[in-house]
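Right after this note come the structures.
The two complexes that follow have chain A in common; it is paired with chain B in the first and with chain C in the second.
What follows is the complex of A and B.
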């Protein structure tokens, strides 16, 4: 599942890069910083990331994903620190759905 | 094509940052540089010419609003309170006046029509009821807006509904709205960016004018040389036949909008022409085609020959062929010709043609609507040329009449179109909106004439523009523009005679024509270099003594209309 989540996030990055100049494209790399002090996304970029990731999770993973709840937004800088931390968090949330 | 970016002011009551990202980062021509107006204040922005966003006459303004932000009574309608339709339309009129006033500050303005979120259908069955349904009201508001804005030649109302349909289920995004005041999903913004770039492409004079189409398996199903025209798949009660007939219908609709149709096909010419003449289901007739090359020669060479015959450059043409090998060959050899990827399935041909976004014109003139007839007349002229002994005899027998008149409201649309799309015989290649051109021509020291050309074979319409700027005792030819349809008949000399004789009447000392080179206007330079009576050349400036006579060519009947 983690590999599928990573692929899904890479397709999110493809979408976001259409909105950015070539020299500001985000790398499809789990180490790519997103939010926080060294993050590459401003608030509008983060909103787009959340909206597109939720859409693609439904379309590509067939699973609903909620990234605007209090639990996620209260730890934005941790969850969205890098593409890798976001992938881990999505993995965790989807596993919790399975457990539930 | 030029590399410059065109400035676009974004005026909205919502967040257009995603739209700005798409248009700014799309590498295709024309480049657009977005300028954001103050966020969420469309009315205040439309009323204040002094805002920084309006400085330096932006090329484009996009004014994209939700109805409730500019038509205040719409808020009451959203609560299903009763508001007389007349009151709603009155506010639409007021908003339209603001837009028309603003249109003087930019070259072009785009106003996407209003839409309601598609999830808002709680009283679905009443949606289309007059004075009750919101959908009915918003349709009437959009219609009123379009009618009002038709008064401004440089404002275009865009059909937002098309973008919503293309975006499908993701068109409206409550999530993006609550998080970022972005009402639409990104697919809507992508579709809007495509449409606006396509429109601007046409307005800048780069609309395609010519479709070159193959015959076998493209215009009809089957190989006419093998099967005979009676066995072609075309029309009738067959899904493929219907699709081919619809494809022809789509081509015919393009022709009715001024796009020239031509054929390049590997076939026996007589067999192919017989099929076009005789097949009862042919939608397109032989007279719908401005020319053809039907033979066994290389298609690239045939396309070059055909475009030379029509006096059009490769940047004007679209090549449609079912054969991927032929498409690849043309794409590689003639990179300026647009060669769309073509579906294998003929059922998709009509939709593929009608979804091409390269034919957009900012306006439609009488000349556009009869363009094929004009080219057929040109074929007759060429036929006459072959039968006479000299150029002078041919020109005399054409009985050419040139009607010269100044710019006015009735010829402004066509003159602006000619100004913006003529590339070859164009001295300075200025690009201006209708309002800008009229404002320029109305200045006291400026004069601008349009020329309509006709002869015994037909009327070529308004095909020439020449303009002068008078400075002290000098006259500068600013625009010298002639459609390629009438080149080489000494209309060029007639244009110069018109301008120079006017300058002479003012006692002008010298007449100057400064050539501004572009990638395409070398024919204009060549004309001035070989012109008789001669102009003196200094670098890229051509100079003529104002006292020397410059007569109208003898074979031209000149009609001056005040």
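What follows is the complex of A and C.
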């Protein structure tokens, strides 16, 4: 599942990069910083990432994913620190759905 | 980072607290906070202000204006976003995103947006949660040139020619006065129309508005218009005070006022009501109520007020007033199209909104 999530996030990055100038393209790497002190995304960028990730999770993983609930918003800088931390968080949330 | 949500009750407490006003950046001014607290469409537990704090300093905020929209017999509560700010040094901290999504969650996704900045528009578009409504297509009518104000604004180096600009303006004003004199002779609004000015909505006006607001999306009532007139967000003041230097949205202007104008024809029949907002040298009609057959008389009345109140620009949003202006041949230097954008969140997608009228003061636009 983690590999699928990573693949899904890489396709999110592809879509985001289409709207960014070439010198601001995000690398498809789990270490790519997103939000926080060394983050690469401003507010609009992060909002776009969340919207596209939710859409692609439904389309590519066949699972609904909500990244705008209060639980996620209360830990934005941890969840969105890097692409890897986001992948881990999505994995956790999808597992919780399974358990639930 | 900590996000605090202020409801109306919390804001009332904040108004009398000393600590709330000690931050380097203010998330709201006192008079705007008072206005939020007196909003007749807000419940005591409605969230109206979200503030992001980092080490007790404000790094972002977002105001929310509770309102209602009316479609057929249904009433929907929503919050209009207003004054969305993020400290540029925290641009990548996710503050703007958190504020937006918290606002959406606080109102079960029932959120509206009016007249946004380019940055905010980009962020809202990115969220894919909003749909644009048909924008209001209005007119900016330039009645006086006012180069004394406009040229130094664009080219500060030319400030030294201020006296010359002033002389030029006075000469041009005489041209305007002459053209207006002939226009008034031709149209005789003084002979046909009489006015009554109000600073609060009286019973007659209330009754008149209720007869003419059925097609309005927000169907403003007596209490709403009284609130707008009596709790402004911008104060008339000659200089920036300490608070306005610490707040990043408009809080003062050299001249700022509202004027309610009742229009009568043949001295006794009330044919219209409009609420004017005057900010410095600009006048806007923020709400207007009349029947189509009286549109020409109403625009004549509006235009006459713009002339005597000595404004440079008259801004209209009502399509009947815009059409009436063209028919009336009012003297002006130029008339440029303008538009006001409105968006609602996609939870409104299935609601038939297209036949309803937005007015130039809807959202938070009456207050700026």
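What we mean here is this: the second predicted complex is superposed on the first by the 100 of 100 C-alpha atoms of A that agree within 3 Å, B and C clash if a C-alpha of one lies under 4 Å from a C-alpha of the other, contacts with A are read in each partner's own complex, and residues count from 1 in each chain.
As a working rule, a residue touches a chain if its C-beta (ideal position, glycine included) is under 8 Å from a C-beta of that chain, and two chains touch if they have at least 3 such contacts.
What you see is a predicted model, and the numbers here were worked out from it, not measured in a lab.
Steric overlap between chain B and chain C is present once the structures are superposed on chain A. Once the two complexes are overlaid on the shared chain, A:40 sits against chain C while remaining clear of chain B. Of the two partner chains placed by superposition, chain B and chain C are both touched by A:68. Put simply, more of the residues of chain A are touched by C, taking chain B and chain C as the two choices. Of the two partner chains placed by superposition, chain B and chain C are both touched by A:50. By the touch criterion defined above, A:98 lies against neither chain B nor chain C after alignment on the C-alpha atoms of chain A. In the superposition on chain A, contact is made by A:76 with chain C only, not with chain B. In the superposed model, A:15 makes contact with chain B only, not with chain C. Of 38-46, 272-280, 362-370 or 524-532, the chain B stretch that intrudes into chain C once chain A is superposed is 38-46 (criterion: clashing C-alpha atoms).
Of the residues of chain A, those at positions 43-44, 47-48, 50-51, 55, 68 touch chain B in one of the two structures and chain C in the other.
Across the complex, chain A is touched by residues 15, 17-18, 21-22, 24-25, 170, 173, 175-176, 179-180, 182, 185-186, 190 of chain B. Residues of chain A touching chain B in their complex: 15, 18-22, 43-44, 47-48, 50-52, 54-55, 68. Across the complex, chain A is touched by residues 1, 3, 86, 91-98, 100-102, 104-105, 119, 122-123, 126-129 of chain C.
Listed in rising order, the residues of chain A touching chain C in the complex are 35-48, 50-51, 55, 68-70, 73-74, 76-77, 80.
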